[in-house]
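Below you'll find the structures, each written out as structure tokens.
What follows is chain A paired twice: with chain B in the first complex and chain C in the second.
Coming up: the complex of A and B.
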């Protein structure tokens, strides 16, 4: 082999071929479908012969795995390209593949702010929702850490009756549908006046965040030997000084990981915020819901969808830096 | 340094106060989480349960205990279709997604160029709300969406009506694509982290002892990552079964609806007494979902016992 062939064109080509084949089958063009299937077969044989010799031991990707990784990457990122285009469109009618009128050309003539002008104007409530999302998620994260820390320590270190019951109990929100919890809480909160308040939203966000936090912190405490704390106490430090100077600094990376997790979960919650916020308090997910709930996506909706994605990208970079993959294994692998 | 060690103070002797502390240490440490959790989570479920049995003084309804709302619900036309639809939308993406995720996790263990970048890319859907996925699907797969437009430009279809309905139909492929797009990264992450924790030793041993790739995968790797697969599928299935916003936006606009959408429609009705029916529906959702998961778990236990691991 003189030169490594790149599999990207093959991935795109076979994806397009697959879509065309499905479309011709669905629209009843059997002759075309047969021709495409034949072409597909030729391509497959070609691909196999071309990439066969790339195998280099069990540590390397097989050609199909390489193709598959490209497929996943394109499927994840690809749809964002039309989303960006849609956010800059002014008129984009059937059957145009690109907008016929762009936002920047129609910007000055439009009577109301459109496209990105709308997104950044106060009418869209984008800034307000972003602030709400971040503030609520921060408070939820802090409360969640304070509530979960003692329990995680005990679960990781002590043996007591009913321990597995408590562990199971703390995982049930992952299994019981959110809507069941949400409707019950909504009724109660309407009665006691917490519906439509920040406090109410922070409280309900604790339900889906605590299970993750307890799991992550438990695994952190399991990885932390008791020796250091005992040494501190032997050397005469009281329980508070031990906590502040020995325990907390050692579990800080774990707390950071759990906190990122809780922040991520809280900022993505739609249903509970939608129920308890009652339209009075908008977060980014509820704002996007009102944009897409009609089943259509206008340029303003596309812009807001992009804005909603930004915190996710920031969180992605932070979690990749601070959370090791093993944390997830300890949390869920059993 | 032997001399300094001799001068260390003796460990503190437990006094009476510390005995008391020790006795209540575990309950005290567990108290915050248990109190918050019971009052919120159990409390809300109990409220929903009471209301579904006819206790709702808020709307001047008190016919406790009555099973009227349940019997009306179950005898209503289309109820079992709703259950079937909810199950179908939940199970298909769980199965397809798990297969895709396991394969992805296995590939991610290998060395390849751009691995660090790919680690960022594939996790992106995990970090953003389902509604972003909904927006992307509308843009691509709607009847006037980009794929339909591409087909039109290629002369394969003549109007938007020729494009198969992927959104707003009971087939639900739009809903399931969003679930897959969002959940494959989740399952992959869990399976991959379990794989990392296991290390390659047992697989290498199997390969050295002459097992083929398939045998190693089937008899060594898959059984070892089974716990991760099971917990991921449980979480994903339970989520899909109770998911509201995706089928609400992308599902068909005529009956049958999925159970969570049905519950919201009953709850949002101008007639407040219909809210009791909504509570009955969410109780049915929780019941069916937990029954399915319990039988799944016992099936898994049975499998582990057959293998002699428990």
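Coming up: the complex of A and C.
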């Protein structure tokens, strides 16, 4: 990310996103709307980061900047409004502005749980899927860090034959379509009995997360001079203690940034989880998909869609406090 | 106390020979400066002693015992880098105590020793500060405290003062000499600043292109450089080409394009050989042209080409025929550009080297 980038492209991007969101909501494509809302969130975070770096200190915003901030805010939060309303609705028909029957009116008369009652009842499997999503994402993040650290270190520090080839191979999971990889892996995993197991899901989640992590950590290691580790060694620290007392604390912000992305990527993977989980292991994305694949904006789907966004939001708030902006800038500077 | 012995040390990186067979001994408790221009292999030599680089050939011994089989963390070495590389996530106490924590000393003892050492480097009360809250000089003192606290057998310093401004550098120079004498740590100090080397060191090793070209006391290196290149590097920037005409008892005469020069010693080369005489800019005397009659030998008239005033001294460039000499004058007298002067070269301050290819060897 260059230090100064004009906000206009971002404004146009968010505008396009907003139009798409409105259109998809109006045509009832809930899943698409939820995905776009997530994308909007990322745009918003980048925009806020960008603006903070543009300013440097408290100062009056120009009218354009103020308009832009409001605009991003609306573009990000706007789509959630119909989602929230829908989750509390019982009957909401085109072209009513608000639902004709609300959830709390209907809940006494309906025979099966409705709206939020359904979301929190065991039959919806929301709690189970949330637990699955979080646990899988945590394990994936940890394994991803452990695997990527040495790789990133070598790529950042050493020059060896075939280095660019290895770097290219590390990026291929981002290029090859998931469905092509997923089918092949599914066949192999069925043969070796990994299909439908947690281990299998963790392994496939590592495919798209490792490239991100290695990229982030490589640039972190490039920014960390060898001198610190050498000084620690000369002072009597062996390799392990150097890693623990010097290297890890110094690259912690980078690890957190990479970990955040690995977690978010893992908890949003649908296709690979769906293939390898084989319906036995349900995560929030697969649950949401089966709920809304019909394309209806029903209250249950809206509720689950809202729940799906929660882990990401909590994590963002948590890590935002730890991560300095430069790490993002570094990690994606290319 | 430990004696450091480097024996025919070689380091080759692919096709670059960074160090080409260096041998030298740092006597127990003494400070040796490794002096040489950029890229001559000083850092590589230090890194091999520290164990951060594996020598291609040769040996490194502490008190006669090879340390090559030891990993860096087992060699008990102190190393101060040019950049201070303080750990940014630890405060001063954490940084200084790091070596002792790695040696698993009890907490109370570490705290006690940290306090003692910080007192020595005059930073008591700075325990809780973080490196980013310290000035350059303070950071360097923390870096030094961090290495001396472990009582290293050998201390290696790689241009530790080059990041400091002139005044601070002088203070730190005095501080390092003082500390080194007090703690009696065998020290190898790398620098490319001849003044620093002369002021700090018990002995100086001069390195060019990966080789040790002269090893001796500062006085020897300064006054009796072995080659004209060393003389040049040590600040004797005036080179006068001539032919050896006569050789006598403790003196000789040189014929040059301007005039005959008497030299205060007799070089070993045969009469008639081409030689180069060097003289330091501060060893040349300047007189007004009118005083010419008083000057008997090694005098010639010249014109001031350039005069630059540096607080206390004036640096002149003078020319007489083929000669172009640089002169540093400390007197209060001022000559203007274009003015005529008399230049006198004291025979005792002229040093003669034979012309051998590009490199001019003496003795």
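Here is the rule we use: the second predicted complex is superposed on the first by the 240 of 334 C-alpha atoms of A that agree within 3 Å, B and C clash if a C-alpha of one lies under 4 Å from a C-alpha of the other, contacts with A are read in each partner's own complex, and residues count from 1 in each chain.
Keep this in mind: a residue touches a chain if its C-beta (ideal position, glycine included) is under 8 Å from a C-beta of that chain, and two chains touch if they have at least 3 such contacts.
In this text, all values refer to a predicted model and were calculated from it rather than measured experimentally.
*Asks:* Which of the two partners, first being chain B and second being chain C, lies in contact with A:164: first, second, both, or neither?
*Replies:* In the superposition, A:164 contacts neither chain B nor chain C.
*Asks:* Please indicate which partner A:108 is in contact with in the superposed arrangement: first for chain B, second for chain C, both, or neither.
*Replies:* neither
*Asks:* Between chain B (first) and chain C (second), which does A:246 come into contact with in this model arrangement: first, second, both, or neither?
*Replies:* After superposing on A, A:246 lies in contact with chain C but is clear of chain B.
*Asks:* If we overlay the two complexes on their shared chain A, which of chain B and chain C does A:271 touch? Say first, second, both or neither.
*Replies:* first
*Asks:* Which partner chains sit in contact with A:236 here, chain B, chain C, both or neither? Use first/second/both/neither.
*Replies:* It touches chain B and chain C both.
*Asks:* Can you tell me whether chain B or chain C touches more residues on chain A?
*Replies:* B
*Asks:* Please work out whether A:305 is in contact with chain B alone, chain C alone, both, or neither, and reply first, second, both or neither.
*Replies:* first
*Asks:* If I apply the document's touch criterion, which positions on chain A are contacted by chain B in one structure and by chain C in the other?
*Replies:* Common to the two interfaces on chain A: residues 233-236.
*Asks:* Can you list the residues on chain A that touch chain C in the complex?
*Replies:* Residues 225, 227-228, 230-238, 241, 245-246, 249-250 of chain A touch chain C in their complex.
*Asks:* Within their complex, state which residues of chain C touch chain A.
*Replies:* 50-52, 71-73, 75-79, 81, 83, 85, 87-89, 98-99, 101-103, 146-147, 150
*Asks:* Going by the contact rule at the top, pick out the chain A residues touching chain B in the complex.
*Replies:* 19-20, 23-24, 26-27, 29, 32, 58-61, 65-66, 68-69, 72-73, 75-77, 79-80, 82-83, 86, 94-97, 146-148, 150-151, 153-155, 158, 160, 166, 169-170, 172-185, 187-188, 190-191, 203-204, 206-207, 210, 214, 233-236, 264, 268, 270-271, 274, 284-285, 288-289, 291-293, 295-297, 301-302, 305, 308-309, 312-313, 315-317, 319-320, 325-330, 332-334
*Asks:* Can you list the residues on chain B that touch chain A in the complex?
*Replies:* 8-9, 11-12, 25-26, 28-30, 32-34, 36-37, 40-41, 43-48, 51, 58, 103-104, 106-107, 110-112, 118-132, 134-140, 142, 144, 146-154, 156-157, 160, 162-164, 167-168, 181, 184-185, 189-190, 192-194, 196-197, 207, 225, 227-228, 230-232, 234-235, 238-239, 241-245, 248-250, 260, 263-264, 267, 275, 278-279, 282-283, 285-286, 289-290, 293
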